[in-house]
Amino acid sequence: MVNPIHIVSIALGVAFALGFLGKRDKLSLGLVLSTLAGMVAISAGWFIHFLNSSVEPLQIFTGGFKPPFAINLQMGLAEATFTLLINVAGFLGAIYLTKELLKTGKNMMLIFLVFILGLNVMVMTRDLFNLFVFSEIQSIALAGLIILDPNRKSIPSGFKYVIATGLISSFLLLGTVFAYYFSGTLNIDFISQASLQYVKGGAVAVFMVILAVILELKPFPANGWALDVYESAHPGIGALVSGIAGTTSLFVLYKLIPVAPFISDILITLGLVSFVASNLLGLSQTNPNRLLGYSSIGQLGLLSATIGMQQLLGDKFIFIALTILISHFFAKAGLFWLSGIINRDDIKDWAMLRKKPILLVLFGVFIFSLIGFPPLPSFFGKWSLIMELSAGNQYMLVTSILIGSFIEGIYLFRWLGYAIKLDFSDLPEFKLNISKFLPTLTWGILLIATGVVASAEMEGLSGLSYWPLIFIAFIYLIDELPIYIKNTLSIAGLAFYSWLTLPELYYTDMLRFIFMGIFLIGGILTLIAGYAYKGKRRGFYPVALIMYAGLAYIIQASTTLEFFFGWELMTAGSYFLIIRGKKSINHALSYMLFSIGGAYAILAGFGITFAETQSMLIASLSQLSNMVPLVFILLAIGFMTKTASLGLHIWLPGAHAEAESDVSPMVSAILLKAGVFGLLLLMIAMGNNPQIATIAYYLGWLGALTALVGNMAAAFQEDAKRLLAYSSIAQLGYILFALAMMSHLGWLTAMYYSINHFLYKAILFLTIGAVVLKVGTHSMYKMGGLIKNMPLAFIAVLIGIIALSGVPPLSGFGGKWLFYNAVIDKHWYFQGIIVFFSGIVAFLYLYKLIYSIFLGQLKDNLRHVTDISLWFAIPIYILIIGIMIISAKPEWLLQPLGKMISQWYPNGALAWNGGLATSTYGYWNGNGVMITIGIMFTTILIWLIVLSRKAQKVKQFNIVYAAEAPQRPETTHQSYNMYAGYNKALGWIVAPKITEFWNMMSDWILSLAHFTRLIYNGNGQRYLIYILGYFVIIYFLVF
Amino acid sequence: MDFDIKRLGFTLLGLLIVLNWGLLMNAFMRKIGARVARRIGIPWHQPWIDLFKNYSIRSQITHGLMFYLGPIFRLSGGVGIFLFMPMIITGDHWLNYSFQGDLVLIMYFQFFGMLGMALGAGEGGHPYSAIGISRGLSQFTTIEVPLTLAIISLAIQYDTLSLADIVRAQQGGFMHWSMWTNPFATAAGMLAALGTLGHSPFNLVMAPNEIPIGPPTEYHSTFLGVLQSNGAILHVVEAALFMNLFFGGATNWIEFIVKTFLIYFWSVFVGMVFPRFRIEQSVTWFLKVPLVLGVIAVVMFM
Amino acid sequence: MKSLIDKLGKTFDIKDIVYQRPNLAFVTVSKEHVLNLITNLLDYEGFSHFVLLSCVDWIEDNAFQLTYFLNNPTLKIDIAVRCFIDRNNPTMTSAHHLWKQIATYQRELKEMYGIDFPGSPGVDENFVLEGWDNIPPMRREFDTKKYAEETFFPRPRNKTNDPKEYMKSKMYPND
Amino acid sequence: MMVDDKNKKKFDNPHYAKREVIGPDGKSFIVDPMNDYFCDARPKVHEPNIIPAVEKFLNWARSKSLWVLGFGTGCGSIEIPPLITPRFDVFRFGIQMRPTPRQSNVFIISGYLSVKTLKRVIRSYEQMQNPKYVLALGSCTVNGGMYYDSYNTINRLDYYLPVDVYIAGCMPRPEAIIAGFNKLKELIREGKGEGANLYAKNFDWYKANQKKIIKDWNMPDYNW
């Protein structure tokens, strides 16, 4: 092993040697790079050494003395890890900055080296004064680096930086002096042994030391100088400041905490305030570097709070801190580097990334890492953090962390949305420099790798198979292949997975079998439609499969962590699917925000459960005895963001309507069922608890109102897909209502509805999507009379709407019949009436849908439209066969469902006698009704054919028109604002009050962010006053 | 399901009776209307002649398949409600196929004909058809509210959703009828009946003189004949539904005829007196007094 | 009324003044001054209501006589402004900028007399007749009886009766 | 003022002119409303039922159920509403008004017919279904009446539509109209109410007459 001191020595030696090299910049750079590589090698060696064996940390004493007389460096696992991170980042950072370093010459290289050196020593040193010295060295070096890219902004900001760090260092120095005065030593270990906080005045000494370190972490609001640095410095430097320097300061803070344990509580507060406030401020930022600055500060705040929580978190502290830190470290540096590659001042210009798709992928990885999506490390970190905090009953902390993360999500996903969706045609081409690209790519790969490593560390994730994710990665790698290969492979993948899981589930777990069937079979069917597309459809298959993988994980999850893993995966996949639509940018953002919000509610709920039961099994939800209502509500809210219940439904119409034709059924018919599945799990686990009954009662009302508002809003839509989207909201409202009944019939209804809704909504969305592909518009009033051009589509929609509306003999009626029985059985009459009422309102939009598109007058430009693509027709007709089977033989479905539900609600089951189902109240023979109606219909049909077989076929304008002839199809097609009278009578019910509420909320948050941002006025003196004020206020808070 | 020729025979006979009674009732009502206006009015056999006339029209036009199927759906709807509704409660002969489904089936089967007709008329391509249908559907949404409340009230009261059982529970005398045992449900249901039977003030769908004549604008000859047959059947079975729900059902055909006549007469009577509502008036009307009555009916048995 | 006409007479060259009633007067001006006069009446004299625009075919004088009939709703008086235009070149300045509805009258005159009003909206569109392709029917040189006989398959009349004689012979055969 | 061919107006309805349309797939094509929007089949002759007894019965039913198209073409239409008042009450005779030509059997031409109205009348008449009957009211439909020399009013209706019964008078009173209806019923029962078939048989002659006076013929030859 090379002595770690040589990290310092070779760096110093080379730094001096550089002076002798004269103007040979390339050589100097080579030397610097090899030095950094050497430093990497040394720390890597130690890292591996400590990783393999748990030996005592190595102590290095300079000058042959022992502390307190000598300067003491320590090399343990922690130090090895951090120096490794610093040195690798330094190495790659230098590579990234190759061009700039060569331009500015060897002085800058020297400074760079010194900067890295300073950070290394800050990590290793155990000596307070030494810490001060090297922190000064590091700051001054950094100040030099800031003006690496000298411009009108960077020079004043470098100056402000120097002043601010000077002030902070003076605190550190003062603290050190006092500490030495009171303890007689400068060694950190000895100072902490001296328990200075009990010494009068000693506490102030360590307080000053610690606070200086905290201030180095740029807490809100004493951080204006740092923001200016981020904004003005070269992004390569920004990466170093945010990634390495921040990390080092955090480690120093961690190292110094034992000196002043009393600071922990205030540290948590300061950190979280910084976290929430910085993210809030980030909301109104448009400059990418400054935005990253806010995000950095937020993350550092979170991390310093985490350090403060050391006691609370116990064993898990290292894992949590490390995963979050590493996420921040990689992601933030990566983002800064990307910013350097793009080099634009507005986040809207990041659409440029699409010119080099790999950069977009990296960008996505970094963003998702910051928010904490699986399988990236921060996901596990945040999960564990929330779990542990909840276990310690620290709900305030949980809340603020989740709020802060949520706000961070807002701007990060807005940014991601810009990058994915905005028009980039008028943005300049740019060349991808290998020296800039390589470090970024490395960081991305390392990030994923750490995630995988971290996941291996997690307990409660053992049931998760990584094969689907590997398969998805493979699909991504072949993204350049034509569509039919990828589509076939994807279908094969889903089919294989179905084959693997479904038969087994059928015998073991009917509930999971059904939902798995909906997800996987539905996935296969909707993917078949994908053959209709031409070209490559880049990026579609990986994200679609990610969603399906997430859904499958949810089904197979046995622990809450696995469930949440799948949930987040599904959210991420569906986000990318949704944002693929033409005008989806805002809808996808609102989808993501509601999803994140919901996910955090779920997280909190799981956290509370874990706190009490100390178990991650989903089944443990049922063992909960305290705070059952709270957990139930949190989880229900989380799931209801997916089922889009009233109040949380804002995202759905736009997202579904603007999505691509075969994506709409995926997200509507399939994805929403994930929420239903979650609610089912929740109610199975907690349904026995008497406190839940009240909540379920209100959930029932919520479901009923959702159904009403959804259906009524659907009736007033002019956009076919939007109409179907509102219809989905309403249908999920029915399901929520039925679930909330928590009775045998209620759940039977809910399950029956779920399956039926999957079938007919998939049919409708696929058909309408296919029609939209052909006619090129969503607006129904622009279509009309397409029945003659598209008989296949018409029949599909006809079957779909009959099934949806609940008209016998098709399957929808079974749902209505069950509903009546369940409602009367449960005595929920008035909610039931609302549900029935909304069921009839459904006729309005269903008729509008089929009439406006297929009946009425054919428009000129659609005269030559042909029938829907065969690839859409195949899955549609398979689904129709499904509907027909269920309609003719409802017992085939209802009997197993009833048996399954009897596990939980044995009372009130249907009695079966052949095809005749009998409930407490009524009876119904689906099979017989089908036959009776069939015979009757055929008889009448034959009769009419006999009577009027010779009817003359006429064309569209051969109508009686008050002795005139219509002039244009457009003016003869009665479709726009079809239910004007109804709107006049009852339209007030669907006035967009809820949307207005959310708009008001977002306006309010944005104006708050804007107002708070005014404290940063760019004035260096003001910034110093903030630092001083911060110091003083904290001082009074602590003492 | 075993094929039961006897049941089929009785059912078809019942259908014949209902069809002819429907036509006759129609003539009676028009006759009454004429007498109110101090006219003599149509001869009693006029509906049959009109029916024959329409079936004897020599030429037809069709706008397409759905236009063709529309009347078939419509008549299937009418006949279907007949099939699933017990007509005469005593004995087994006139229960039709009501053993296949209960009240809920009848409620939702009403839509079968409506929807089919709406689709057929839609393919006719006439804007008035679409206007009439949009009005009809709008109005129907709220008509169903008091009706559903009334039905739920009855279902709670009699503890069943089976129409035959509801009728049986009302046997044993005049005072056993729901009309007396559950007056609020009856009131709500009978106000809803005004809407379902579609006379003034709720005849917006056809709205003669305004959107002549709504959905069937394009229908003629045999198509119209089918629609007329359906109208006759539907009026009787709708009246029979209310009879079964609220007025003790029927134990023989005489009782059936008298009761359906009176129920149907109720809507005609109101129609004679009140002018047509505008759409927003008629939609909201059912959410006022009838809704309150229905709610009271449910609350009484909760 | 008289004072009004006198006042107008100071500015315009008014001829052929006819006081039809105390509240109605006809005046004649030259074709060029009509629009000036009615604009003046509208703007300064309160004749805000346009009543009608009509035409008479003076085929003997080879002229069309146009009459602009205006009403003053506050004073409740009417004034009719007449002018003669050449029958061979029947063109008149359009007045639709004063009252929109004049365009309709002008369309009618175009159809019935062939008087053109360049610039008047829709002046060439059908007014009452659909597909009329002959001489404008209200011109007096158009022989409507001849046209009807040529076009409308007149039913041959077997005999005609003087109604008076016929009824007399029917009712009082003895007289 | 002379009218020569050059000055003759073109009477194309701009809405029915051929037009180029771009479909959703970006390809453009020509829409010809006259062909694309309207059925161009000729009317067919529908022979009476081959069994005389059946036809006799059907004719009886037709004569007892006369549905009149509610389309007042001229001043005489004011004489029709009294028919349904208590005083005359034609419902007694199986006569009632229908708002749509599809369901009507009888077309009452009530008085003078201007060329412009004739076009609408033809359209409505052709939209009625076989068998259909025309009742012509007033002198104007017989020989033009007081408008015999008008440039814009037809003289003889039977040149344009097959008329079953003329009711003379200016105007005929409701009693006269009822008498006309009775005559019509007799004709129907005798099997002579075959105006629709007559129209179909002599279609070209009727069309030539109609087109002679309707200069801006902008509808299909037969309005289905």
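Just so it is clear, A, B, C and D label the chains in written order, and each chain counts residues from 1 on its own.
Following the convention adopted for this analysis, a contact is a pair of C-beta atoms (placed from the backbone, for glycine too) under 8 Å apart; a residue touches a chain by one contact, two chains touch by 3 or more.
Just so it is clear, the model here is predicted, and its values are computed rather than measured.
Chain centres here are means of the Cα atoms, and by that rule the chain farthest away from subunit B is C. Of all chain pairs, the one linked by the most C-beta contacts is A-B. Innermost chain of the displayed assembly, by C-alpha centre distance to the whole-protein C-alpha centre, is A.
Subunit A and subunit B have Cα centroids separated by 54 Å. Annotation: 61 Å between the Cα-based centres of subunit B and subunit C. One finds 37 Å separating the Cα centroids of subunit B and subunit D.
Counting partner chains per residue, subunit D has residues 44, 100, 102, 224 touching two or more of them.
For subunit B, residues touching at least two other chains, in rising order: 59-61, 217-218, 221. Residues of subunit A in contact with two or more other chains: 952-954, 956-958, 960.
Counting only pairs that meet the touch rule, the chains in contact are A-B, A-D, B-D, C-D.
Residues 1-3, 8-9, 11, 115-116, 119, 142-144, 148-156, 159, 209, 212-217 of subunit D are the ones that touch subunit C when the two sit in their complex. By the touch rule above, subunit D contacts subunit A in their complex via residues 13, 15-16, 19, 21-25, 27, 29, 31, 33, 36-39, 41, 44, 71, 100-102, 120-121, 123-124, 127, 219, 223-224. Within the complex formed with subunit A, the subunit B residues making contact are 1, 55, 59-66, 68-69, 71-73, 75-76, 79-80, 83-84, 97, 99-105, 108-109, 111-112, 114-115, 118-119, 122-128, 130-131, 133-135, 137-138, 140-142, 144-145, 148-149, 152, 155-156, 159-162, 217-218, 221-223, 225-226, 278-281, 283-284, 295, 298, 302. Listing the residues of subunit D that touch subunit B in their complex gives 44, 46, 57-58, 61-62, 64-65, 70, 85-86, 89, 91-92, 94, 96, 98-100, 102-103, 105, 129-131, 196, 224. On the side of subunit C, the complex with subunit D involves touching residues 114, 128-137, 139, 141-142, 144-145, 147-149, 151-155, 157.
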